[in-house]
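In this document, chain identifiers A, B, C and D correspond to the written order of the chains, with residue numbering beginning at 1 in each.
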Amino acid sequence: MIGLENVSYGYGDGELLSGITLDLSPGSFHFLTGPSGSGKTTFLKLCYMELVPTAGHVRAFGRDVREMDRDDIARARRRIGIVHQDCQFLDHLSIAENIALPLAVGGRAGPDDAENLDALLGWVGLGNRAGALPPELSGGERQRAALARAVIMSPDVILADEPTGNVDWEMSKRLLSLLAELNRMGKAILVATHDLNLIRAAKTKVNARVLRISDRRLQLAGADL
Amino acid sequence: MVPPTGFTAQLTVFSAAAMAFLAVFALALSLAAGRLADRWTSELARSATVRISAPQGQIEAQTRAALGVLQTTPGIASVRVLDKDEQQALLTPWIGQGLPLDVLPLPQLIEVVGDETGYDSEGLRQRLAAEAPGARLDDHARWREPLVRAAGRLRDLGLLSILLITLTTAAMIVLAAHAALAANAQVIRVLRLIGAQDSFIVHAFVRRFTARAVAGATLGTGLGMLAVLLLPDAPETAGGLAAGIGFRGWGWLWPLAVPLLAGFVAFWATRLAALRSLKELS
Amino acid sequence: MVPPTGFTAQLTVFSAAAMAFLAVFALALSLAAGRLADRWTSELARSATVRISAPQGQIEAQTRAALGVLQTTPGIASVRVLDKDEQQALLTPWIGQGLPLDVLPLPQLIEVVGDETGYDSEGLRQRLAAEAPGARLDDHARWREPLVRAAGRLRDLGLLSILLITLTTAAMIVLAAHAALAANAQVIRVLRLIGAQDSFIVHAFVRRFTARAVAGATLGTGLGMLAVLLLPDAPETAGGLAAGIGFRGWGWLWPLAVPLLAGFVAFWATRLAALRSLKELS
Amino acid sequence: MIGLENVSYGYGDGELLSGITLDLSPGSFHFLTGPSGSGKTTFLKLCYMELVPTAGHVRAFGRDVREMDRDDIARARRRIGIVHQDCQFLDHLSIAENIALPLAVGGRAGPDDAENLDALLGWVGLGNRAGALPPELSGGERQRAALARAVIMSPDVILADEPTGNVDWEMSKRLLSLLAELNRMGKAILVATHDLNLIRAAKTKVNARVLRISDRRLQLAGADL
């Protein structure tokens, strides 16, 4: 559903990523690893169209990003759930409202949302913090809320950037199983992480491919994990 | 989606209110100056005097001729020949009461009152010279002109302050909108990232901001009108300017334009600022 | 430590500039109105007329008596007895030229010019009645008062606008300081967390903000003074108000108070706002 | 140097931490673990005096926090290096200026600072990013910069909240060895983390005690790691 074809990107001074080709097809599960500063977040930004590649083509849902106008991009983003590395919330809305925000923005708020929202909050362990404002949450709670917001629209693609960086191991496994379940329903999932344990745990549940950014290129890291 | 409070919100409301307040004052001043200029112009222009000095026997004939000319001059409302008593009353300050005016060859005075449109005094002067050689028109121009000019300048100054205040208000609202949008950069970014279309975001901000500016300006206008209303009322005498501060009749509708204008400026300022800051995000 | 630019910074500078500009204008208007009121008061108060009408034989004696009174009245600068020619010129508009004034028992006119302090016309009237029963003082009060009142009210209005503009400026600067501090909440928090003392943080903001407000106000004052200077110069005629707009001599120093005031307000507003937002952090 | 005596704290609705006693003495090395939302960050905030305990006493450098005025707290903080969970920077200053900020604030900027700064930047792997603004850094780079800022004043106590949440394993070990070295110089160190691998790795280098927040209390978690 999102395809990169020979994509390169640099922030100005030299290339950071180059010659990257990847296809996120329905039902695929990818992990993205690489040293800090190697370009994982940059890669995800290319996928959700915050950045436009300096060379090559990014296709989202069949259309080249360069040919999409701003509203096309907005509409495409509603089909992509994103967990940002630094979770971004509206600080004046409660965490429940923040999680439900994509529904409001997409004009898709419906009658059974309240129920869905409660179930989702329970799943990420925020049931009793629903009314808190984002600054009143702990780091891990914020990350879980960000994941909840990413999946509430039941998007076709889920991109998660270090979704377990501040979460303990038990919670990480729980979040992973949520992602695995969504994956089994046919969603394409890409998780950037440096937590090799998480990748190992995932391999027992889903058929995940591990990608590694090294030397500006994307490599398949397989057996060594 | 837009934070309901915060200092930038207060700033928008307050600056709209303050500038509206000042604008109402300037408007009142300017309208008053305008009225004053009109009054001085018309009152002074309307009353003039024709003096007929001629040998005793011709006075009556020339008076009749002058009256004929005056009555056929467009822009003159009424013409009245002063009788001896009135003339005597006018002269008393200068020559005292003990004077036998009846026996003196006094000139005849005619009071001329123009109507709103006024008359062409140069033309009238020429026609009088032709028809009644002894008639002299004194339209008090020497007295009138500086006063009219002063009132006119006062009106210009009022208009200038309105212009300045309007521009300042507009700039202030534009900057307040920018500051508020900058303070809400995070909100805009998040909304954009979760798939909100530009129109959705812009609409949310524009609505909020226009409402704030209109609310502030309405408040300021209301307070301004109240303050103008409460200005101590000077007696309606000749000086007249101070007495004239305030709105009259339909004039009360003028200040109502202020909130509309503020809303208009806020609408466009927010819209353009929001679109611009959105353009920086993909 | 304090971000050098951004919309809240621009807002501070701009609102200080705009309000300073308006304040300079209001100041010019108010000073002009004040001068006008003074001029009307003194010019009209200073010229008065004493008319002596008495039987032919007593005129000279009473004139002398009146002169004696006038010359010993404090507040009178000069006294002059009008001669026949002057009196004739004054009367001409009313009675024409053909009149043998020499033979008429005309009253004697004395021109009285007061000095700056002015004289007590009621007291003068009574003393004249006692010394020269035929003397009447005409101090044009009926003409003067409304004009003086109008100019006085104009001056009051100018002062009122200055007051309003000053209050608005102060409030605007306070709010802009608050908005800028709110926008810099993160900066304050970080500085406090890494061990900066309150005085250090407050100082950094206060310095920046006061400088911005003073710079803005100086700019606005400069532009305002320039604009006042460029106002088309009306001829110095009787109407006089418009001609008087602008500063005279030491008056040019007045507007220089505006940036000082803006700086003072900015200093305290930022200081208090910074201390308050620091109190919320431990 | 920082001592907690029977400390309790709650954000209003019930207690989050209660009856906590701990002494951070010179040369000590503590790890703090616990599930997400258990109160690790809150605990650290008590240590660096952002929060005042609802019961019990916190002492910093021999003085009770309740008796210290705002300037005393500011001065005490200069002796404590803090790595926040969500790294907090001044976004308009370059990363090098941000790291040097404690020197400027403490009025301690000296001639050999430039050299120190360079060495420190090199150590955390940010040598070539010194001039970048904080928003231009990757998540891991920001965390490393935060650690650099925490140690530049050579403080007596270092408190780090998930300093390796976004950093890969190689870099984590490197940062750990920096902390271990400082610890050997006599600094007291407290690291909140959920990364058990990090704790295991540390045990080979320093004599670290592992604390665990569970059921609102602080427990010594020893042998099970």
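Keep in mind that, in the parts below, contacts are C-beta pairs under 8 Å (C-beta built on N, C-alpha and C of every residue); 3 or more make two chains touch, one makes a residue touch a chain.
Keep in mind that what you see is a predicted model, and the values were worked out from it rather than measured.
**Student:** Treat touching chains as neighbours and tell me the shortest step distance from subunit A to subunit C.
**Tutor:** Minimum step count, subunit A to subunit C: 2.
**Student:** Could you work out which chain's C-alpha centre is the most distant one from the centre of subunit C?
**Tutor:** A
**Student:** Indicate the whole-number Å distance between the mean C-alpha point of subunit B and the mean C-alpha point of subunit D.
**Tutor:** 69
**Student:** In angstrom, rounded to a whole number, how far apart do the mean CA points of subunit B and subunit C lie?
**Tutor:** That pair's centroid distance is 21 Å.
**Student:** With chain centres taken as the means of their Cα atoms, state the distance from subunit C to subunit D in Å.
**Tutor:** 65
**Student:** Measuring from the mean C-alpha position of subunit A to the mean C-alpha position of subunit D, what distance in angstrom results?
**Tutor:** 29
**Student:** Among all residues of subunit B, which ones touch two or more of the remaining chains?
**Tutor:** Correct list: empty.
**Student:** Can you pull out the residues of subunit D that are in contact with at least two other chains?
**Tutor:** Where subunit D is concerned, no single residue meets two or more other chains.
**Student:** How would one label the connectivity among the chains shown: line, ring, star, complete, or other?
**Tutor:** ring
**Student:** Which chain pairs here would you call touching?
**Tutor:** Chain-chain contacts present: A-B, A-D, B-C, C-D.
**Student:** Can you tell me which positions in subunit C touch subunit B when the two form their complex?
**Tutor:** 6-8, 10-11, 14-15, 18-19, 21-22, 25, 29, 51, 53, 87, 90-91, 93-99, 104-107, 109, 138, 143, 145-154, 156-157, 161, 164-165, 168, 171-172, 175-176, 178-179, 181-183, 234, 237-242, 245
**Student:** Touching subunit C in the complex: which residues of subunit D?
**Tutor:** Counting only subunit D, the residues touching subunit C are 48-52, 70-71, 73-78, 80, 82, 84, 88-93, 101-102, 104-106, 149.
**Student:** Help me check something: in the complex, which residues belonging to subunit A touch subunit D?
**Tutor:** Of all residues in subunit A, those touching subunit D are 11, 33-37, 40-41, 85-86, 125, 129, 136-141, 144, 161-162, 165-171, 194, 196-197.
**Student:** Using the touch rule from the top, collect the residues of subunit C that touch subunit D in their complex.
**Tutor:** 1, 3-4, 186-187, 189-200, 278, 281-282
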